[in-house]
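One structure is given here, and the rest of the page talks about it.
Chain IDs A, B and C follow the sequence of writing; residue 1 opens each chain.
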Amino acid sequence: MQSLLETFAQHFAWMHNPVVVARQALAGISNGMLLFLIAAGLSLIFGVLRIINFAHGALFMLGAFIAVSLSGWLPDGSASFVAMLIGATAGLAVIGVAIESGLLRRIYRAPHEFQLLLTFALVFILGDAVKLIWGNQDHSVATPPLLVGSTQALGLTFPTYRLFLIAAGIAVALGLWWVLHKTRWGIFVRAATMDRAMLGALGVNTRVLFTTVFALGAALAGLGGALAAPVVSIGPGLHVQVIIDAFVVVVIGGMGSVMGAFVASLLVGLVNAFGILAFPGLSVVLTFACMAVVLIVRPWGLFGSPE
Amino acid sequence: MMSAAGIPILQVTALAKRFGGLQALDGVELAVAPGEFRAIIGPNGAGKSTFFNTITGLLRPDSGRVIFEGRDVAGTAPHLLVRQGMGRTFQITSMFPDLSVRENLQVALLAHARRNWSIWPYARQMHTERAHELLHLVGLPGDAGLPAGTLAHGDQKRLELAIALAGEPRLLLLDEPTAGMAAQERIESISLVHRLATQLGVSCVFTEHDMAVVFAVATNITVLHQGRVLAEGSPAQVRANPLVQQVYLGESITSEGVCR
Amino acid sequence: MSRKVPIALGGALALAALPFAISDFWIFIAIEVLAFALYAVSFNVLLGYGGMLSFGHAAFFGIGAYAAALLVKKAGMAPGLAFALFPLAAMAAAALVAAIIGFFSVRRSGIYFGMLTFAFQMLLYTIALKATGLTGGDDGITGLKPPGAFARPAVYYYFALAITVPALYVLYRLVSSPFGTILRALRSNPRRVQTIGVNVRSHQLAAFVISGAFAGLAGALFAMSSGNVFPGWLNWTASATPIVMAVLGGVSTFLGPALGAAVYVVLEVMISGRTEYWPLAMGVIILALVLLMPAGLTGLARARRT
């Protein structure tokens, strides 16, 4: 009995070391912010369009690759970094508009398997398109000079870029909150996630709403990709990986809820960060188990609404 | 209100159900004798749908008892209640639009014959005679091979009735059986149900808004108001009841319907 | 009825004579078509008949494949015996997993049902990837070879035929039976099925398990023929395959998905032979299918006839 407890306790030995804890917490939270950018868009797209966009990871990946290209064309520097962020965000917004108005719009009334297939098709097409354009190898992007290195805080040293990611994530979250609660468009979006039928009665132009929501979701994913570029290995196959955690987040947070996406992203980011320390092999299994449990017990997640 | 034969086919005591802040059912007491054609009326929000959903097992009551044929059935799963002889139709027509008219009945008959787990024999020719009998009974003579979703609204209602009757229920609950019909069609429709119910020995409880329909066929009427039984009795008694008149906003209720 | 019989006989003859007419390479493809046809038809029992869209059906194909591989490679029994048992073992393993996954998944419907199947599949994928001792991890299990004569493509082809055709027949009887009628009613209006006296959950679960079991059989057949199984067969993108095949062929007929499987496999072989961008081609084909040909190939054939 004693040895069992001891073995179990060994999994948590790292808790004694504040540097490790702080480092993992930072990694967890900053990764959570990147997850949030993907999940928020995914959640909104589901909430309003009722489509599970399996291609959302591919949109994130495109954002990262656009950043790669821009970093290749522009000189190193913080201004270029800003340009990369803007370029990826705007580029994905345009791509989002194209996808929604050109493809998705045609199948809103089709059986669900068609909608699923369409997003799968995008996964396959975008995945290969990226290979065609940028090749098969992994790419990287340099951290902008202003954000290189580490910063001292609370008596500990943290990578500056990671702190920046957290700040950026919070800024986006606040911006989203403002848009969703203080603008007319945002109120329609929130109404749509709760009751789509209401929209027609309110005389809202649902066509434009759907397109703009998808574009926003894509833009957020693109921004996430560009922000992730300096800390992530950018290669084909990225899109298959990132979508998985995004789904876990959206399920736990509640489909259609941005607040839920924020909270759940932090949760998943932290669980992943500490899970790797505590149970190296199993932490991945843990996330899917959590996803399954939430779907079984409370499918509308923490902040979603039961239909 | 009970016939000399004794036990009611349906008895409800102190039935209560709350949804958040709303007490949808507030101690409903009801007894339906075998052979009755009972109407449940009441203003919108009186609790009629909740009442039906609770009796048929779709909702669990907070308190009270539902006794069907002498057995307490509160909490029984809906599909088991159907097997025990309680049938139901829906306000918004509910049948199987992708299946043919004939198949709609076949599937109900297969379920009634407890063949739903039969996985080897061909189902195509099973119960076709009985299916056509039922279709004839409800007045659906047309092509039984057409998808049920293509039927006109009134015919869909007939089909729904046939599906319910396929289960040989002893109690049939009809939720707004004439919803969506024109005035004349409504009387015809409810008369058909009444005729068949009498013919087949099925007790009926139905909810209705149209007083002309109610007074045309109901043997007894129960008036629900704010989740409670306000009045009960024969059509004449209910019509003359001052409380009932008050509830319907001081309008006098005549056999032609509510007039202002 | 009378027109179907000569077509069926002609088809049977063609299937029987096939190995004599084509090269070994194409016999392997034919075996793949048989396995995937079974996979697609069994998936369609769930989708086209039961109205349940599973995002995680590749889990059962993969489980069946791994079960067969483990039996042959790691169970330590005589190759002949292992080979004789692998179809049954695959079906049993897949059925068991489907029962567990299905039990939880059918309690929800629509999107939540789909996401549950997705979550469970990813759980299995992770196990296949991490349990390197058992599953070989990323390397998968390779070197699966049928014993003796069965290693010859033509012989394995007839073996696969001898399994696939009866399996398809069993599924055909199933969907034509009273249970099958209940399934179609479930697709049409699940809530109404409850009120004709049928327990919706248990029938949906039964359909899920049957569908999963036969998908597992298909996976095992394919694994023994291709000689290997990899964790990638359990990744979420693999679950697109049965959906594509079923929709391509047409979900409203029994054999439509089988036709879709044949076309899919042949297209994959031909395109992969010429370019590494098969996913791109597949994506474009799916787009064309979804936007231009929603009734699938059988729908197209029907439209031509009228």
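Assume a residue touches a chain if its C-beta (ideal position, glycine included) is under 8 Å from a C-beta of that chain, and two chains touch if they have at least 3 such contacts.
Quantities reported herein were computed from a predicted structural model and do not represent experimental measurements.
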- Note on the structure: Those chains that touch chain C and also touch chain A are none
- Most remote chain, CA-based centroid, reference being chain B: A
- Item | Centroid spacing, where centroids are CA-atom means, of chain A and chain C in whole angstrom | 33
- Distance from the mean Cα position of chain B to that of chain A, given in whole angstrom: 50
- How many Å are there between the centre of chain B and the centre of chain C, using C-alpha atoms for each centre? 44
- Query: Given the complex with chain C, which residues does chain A contribute to the contact?
  - Reply: 46, 50, 52, 103, 106-107, 110, 112-114, 116-118, 120-125, 127-129, 131-132, 240, 244, 247-248, 251, 255, 281-282, 284-285, 288-289, 291-292, 295-296, 299
- Item | chain B-touching residues of chain C, taken from the complex the two chains share | 173-174, 176-182, 184-185, 187-189, 191-200, 203
- Touching residues (chain side chain B, partner chain C) in the complex: 56, 77-80, 82-83, 87-88, 90, 94-99, 103, 106-108, 110-112, 115-124, 126, 163, 166-167
- Please give the residue numbers of chain C that touch chain A in the complex, ascending. 47, 53, 55, 104, 107-108, 110-112, 114-116, 118-120, 122-123, 126-127, 130, 235-237, 240, 243-244, 246-247, 251, 277, 279-280, 282-284, 286-287, 289-291, 294
